[in-house]
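Two complexes follow with chain A in common, the first pairing it with chain B and the second with chain C.
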Partner chain A sequence: MRHWTPYLLVAPPVVVLASLVIYPLLYNVSLSLRNYRTGEFVGLHNFARALDDPQFFASLRATAVYVSGTLVIEVLLGLALALLVHRTIRSGWARTLVYLLFLIPMVTPPIAAGVIARLIYTPTYGVLNVLLERVGLIRTDILWLSEPLTAMFAVISVDVWQWMPFVFLVCFAGLQAVPIDTAEAARVDGADGWRLFRHIEYPYLRSLLLLVMVFRFTDTFRVFDHVQVLTGGGPGATTEFLSLYLYLIAFKFFNLSYAAALSLFVLFVTSVAFSVLSRYLGREVSE
Partner chain B sequence: MRRRVSPWQVAAVAVLVVLTVLYLFPFYWMVVTALKPLVEFYRFPPTLLPVHATVEPFLSVLFARGYLVLLRNSLVACLTAVAAGMVVAMLIAYPVTRFPVPLAFRRGLMNWVLSLRFLPPIVVVIPFFDIVRKLGLYDSLLSLVLLYTVFSLPLTTWMLRGFLLEVPMEIEEAALVDGAGRFYAFFKILLPQLAPALLATGVITFALAWSEFMFAFILSATPRSQTFPIGVASLVTQFEIIWNEMAAVGTIAAVVPILLLLFARRYVLVALTFGAVREKA
Partner chain C sequence: MKTGRAKLAVLMLGILILTSTAIAGPGLPPKPAKLTMAVVAGGETKGLKAILPTWEREMGVKVELVEFPYPTLYEKLVTAFQANASTFDLLIADDPWMPKFGSESWLVPLDSTFGYKRDNDIFPVVYDLGSWPPPRGPVPPGESSKARHLYAITLVGNVEFFMYRKDLVSAPNTWDDVVANAKKVNDSSKPFYGFVIRGAKGNPVISEFTPVLLSFGARIFDNNWRVILNSKAAIDALTFFTKTLKSYAPPGVANYDAAERAREIATGRAAQGFIWPAEITDIVENPSVSQVVGKLGYTLAPAGPGGKHAPLIGNWLLAIPKGSKNQRWAYEFILWATSAKMQKPYAMGGGIPFRKSVLLDAQMNKTFPFFKAMADSLAAPAEWRPRTSEWFAVEAILGTHVNAALAGVETPDEAITKAAREIEQHMKEAGYYR
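== the complex of A and B ==
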């Protein structure tokens, strides 16, 4: 066995990857420094332009609302549910059933989730309005997708529906590592539900929660698919999140250079989140 | 002996029942809508079960609209990407786990591969679009296959690394001592051991590639290279939605990964968390 064999094996995939990832990223940097139409070098003009672009800031704000909304709801709901099920449901088959039930939304294509959401939120024929009218909560149709507030609610709800289960499953799996004796002893000593969580269960969940939050943050930050088919960024531009706005600039207004500049900002934010995670995962890989 | 039932247990069961409805009803509604004639869809109040159930919407999208071609495109692109991704991932995971490489090299490489998982697609697709157009590869399945391969790598590589670590090195070493080459040890000893895990990994990456939307949306223009999700999206966003057909394509798009992942269910959570969580079901 020669010592350079592993490097020889790794070389081709690394070269392929570099040409498919690093080259486009460098290409993006080059795009961002030019005028796309003329190809002329314009320095940081495209970056400066972002500072005067109210639509960019509106998009940034909408994204912030979307990301924080989904993140908070998903983590709180998923965690609470995991604790509830972990502490009360003992039967093995019931747990398996929950596991299977929650796998389904996670693997549903966002596009299909968009179809489902359309069938639910559409006025007149949407099943949600019919239900609410039946129960007597509303008299006239709510135009879910045409009002800024309810449209935001609708796109967030799809994300929560798909990914709260992820938070639940990860937390639930983490809770299985809590020694039953310790939890029992704490309970006998009179620890209430909150203390049990804070001092016994939370230490087992801390790093998993970080992991989940980085995954959910980066995924919601780049959200595109279901929003594109559900609201298309509307009404107005109220759900025009960063990826949708960038899509618009690059492929509708055809200013790839400005889009490239903005995309580098998206890349930067994501990289910061990733570096948090890799510091944590770096320890895990080191065995 | 009966255990006392606490109010929390009652609450938990109630919550789970509500959640079951919240999760299964939307799917039920989509399938039911797909099975209704359009006239019935417009009836008020809506029927919970189709009165005149028909598979016409499915046939109409697949044949009249020609979505069968999109289905084939998706199949070709995803299968090729899975196969290519598997080979590339093995070329990274095998040396990293089976050779005494420096820790910094191993960690750096695996971390770099992992970072691809977090690379926002929009950042890649903007330059890719320009490059692909200049190379004359716009609206071709090849450009999609390349991207799907790259974006399947983090998951595949990390899964393979986990599986390789679980197979004791002694098994191969025994073969090597017996005079077999490394090649033989890999293909005849290691690979059969890994087969079930490889299959599960392939199934999961296939399902994820199947669900991909943005790359196909931007890099394809005609049925020559459009994937199935593009067909779905065009039925959802058209001016006058044909509801039962939209539900039908949504059903087809969802059924494929759901069935596949129920089959590979043990590995889904492991895959989505890159091995940070091990759950059995």
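== the complex of A and C ==
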């Protein structure tokens, strides 16, 4: 009995993990190696098909633009705001108010964020065009959701609004770890804002920033909800990211095998990115 | 004494037989505790909800509606059918789902099982929609050898037709009339637009473009499912849609869905456009949200250069899944809900009717000024989406390229060529041909 006890103790999580993660994953692999109609084994045909699919590459390009755009803006803006609040706001209640304000976008469901953004960006009635017209920046409506460039900007902006606060909160928490006397000493020695950040604050934030980038990369690579509501992947296929294309293949074309192959590709990319960044992260932490 | 007991027994038996017939009706099995019906969440069930209390009072059988959002309903139904589950006794299905449900034989045939008799008061297209294999147009591979049966009957007589501001322009009969009307009233400085397009990617823009495409004489498939979309007629239709009509439309229509279209009309900013019945009662003729109540006229979808009108049909059909354990009572409900007797209360309760007698009733047309246009559209005969379970893929492909053309990302020529190529590729993969 004693011999079996450890196995029995770990059995429940192993069973749960196997049924919720391992079985679906293996099923997905099996699906990706078969013809979606007949079920016959077709080897790597579905993966090879992706290499010959212009829509797949178009969605990959759109995803790359989206991921790099959101990642750069969210990290820079979140970090800048964290530094600003850290350096200028000292009062406890004011900081609490800032936290609360920054939490609102994060707890908003992405679908709701998409609907709100759709109303903001709509030509004629949308508040953004009205404001820009009132301050004299534009004379005619900008068609935010019907032009390729502005549609990309619109979907990125929603992600930034919703998830930049996450970067802010993590960075702000990291800045609390910077010893006050070290920062004060640097200031006394004549360090300006940039040097203070580069040599005193940044070393405390480096590993956190990497962690934030890992999370934001995997999240933005799989983005779906607000884009579906806001542009539906349009105009044409200009905001049809990989996840939207995958949805199309699985639930409009009902080609589950090809969808399974593409989903494994998504899994592969996110896993590689995760492991590379995790390795850096591990090195950072151990240093 | 013995005779007395025998008489009493006969009397009791008689009472039992009489009461059971009264409860169940002649030839009906015992009443089920309830009938469970899968329906789409939204305005489509308004009329049904209005008449349900009458059914429950008259028949003593409760009908429980289980509501799902549009995409979820399809998934739930398919899952239940695949498991042959008795979860639902009744369902309402969008008519493009019929090819999948029909080819998989998931529904109970109403004619051969219960002896359903066709009714002259119902438009033939309603029966065509609920029949499988389809009585006209191309038939999916392997389906043409099957015996044709009626599997479903319309509950919601949805069909797309045309609306115009009758206080400003006359009823258009052709696309030329639409353009002439638009030219007459279009004034972007006000702004007031001659035509409003529901142009968002996918289903919205395809619902809008298909009547134009077909009225220009173009088709997507021939009778063998070969793609014949890449034609001069199709390119002309898309050029007309994305250049001429768009020039009279509000800016940004490439992202407009039904809500935006109805809003442009209801706020008095646009003169013409397509419309579905539910948008009329809910928005454009609803005094609490519309500024143009009583100012709109309704007519058949405009005819193209060859004189063809092509209103798009989008009925919701009542059917019985094979897994139901209360099929006979479910059939009774279908007969009752689609009967001539219930059609007026159904329409008055906000339902979208489909019977000629109600749609052409002068009194009803005073209350619902669009009923005549609906009757004309259903009699046209209305065009249906090609009867294939691959329609959703076709719609997604064409909907992407038509939207791209509307947004100016692709030319009409490019859009049609790419769409035709991708649809052909998809039909090949789906096994329609090599």
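As a convention for this text, the second predicted complex is superposed on the first by the 266 of 287 C-alpha atoms of A that agree within 3 Å, B and C clash if a C-alpha of one lies under 4 Å from a C-alpha of the other, contacts with A are read in each partner's own complex, and residues count from 1 in each chain.
Everything that follows uses one rule, which is that a residue touches a chain if its C-beta (ideal position, glycine included) is under 8 Å from a C-beta of that chain, and two chains touch if they have at least 3 such contacts.
All values derive from a computational prediction rather than experimental measurement.
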{"item": "Joint occupancy of chain A by chain B and chain C, clash or fit", "value": "clash"}
{"item": "Chain B versus chain C as contact partner of A:L209, first or second or both or neither", "value": "neither"}
{"item": "Per-residue touch tally on chain A - higher for chain B or for chain C", "value": "B"}
{"item": "Which superposed partner A:K252 touches (first chain B, second chain C, both, neither)", "value": "second"}
{"item": "First (chain B), second (chain C), both or neither touched by A:A186", "value": "neither"}
{"item": "Partner chain(s) touched by A:L267 [first = chain B, second = chain C, both, neither]", "value": "first"}
{"item": "Chain B versus chain C as contact partner of A:G232, first or second or both or neither", "value": "both"}
{"item": "Which superposed partner A:I73 touches (first chain B, second chain C, both, neither)", "value": "neither"}
{"item": "Residues on chain A lying within both footprints (that of chain B and that of chain C)", "value": "125, 232, 251"}
{"item": "Complex contacts: residues of chain B adjacent to chain A", "value": "6, 8-9, 11-13, 15-16, 19-20, 22-24, 26-27, 29-30, 33, 41-42, 44-46, 88-89, 91-92, 94-96, 98-99, 101, 103, 106-107, 109-111, 113-116, 118-124, 126-131, 146-147, 150, 153, 182, 207, 210-211, 213-214, 217-218, 229, 232-233, 236-237, 241, 243, 246-247, 249-251, 253-254, 257-258, 260-262, 265, 268-269, 272-274, 276-279, 281"}
{"item": "Chain C residues within the chain A interface of the complex", "value": "71, 191, 200-202, 250-255, 260, 263, 269, 389, 392-393, 395-396, 400-401, 403-404, 406-407, 409-410, 422, 426, 429-431"}
{"item": "Complex contacts: residues of chain A adjacent to chain C", "value": "37, 55, 122-125, 140-141, 143-148, 151, 231-238, 240, 248, 251-255"}
{"item": "Contact footprint of chain B on chain A as seen in their complex", "value": "1, 5-7, 9-10, 12-14, 16-17, 20-21, 23-25, 27-28, 31, 81, 84-85, 87-89, 94, 96, 98-112, 114-116, 118-120, 125, 127, 130, 134, 161, 166, 169-170, 172-174, 208, 211, 215, 218, 221-222, 224-225, 228-230, 232, 242-243, 246-247, 250-251, 256, 259-260, 263-264, 266-267, 270-271, 273-274, 277-278, 281-282, 284-286"}
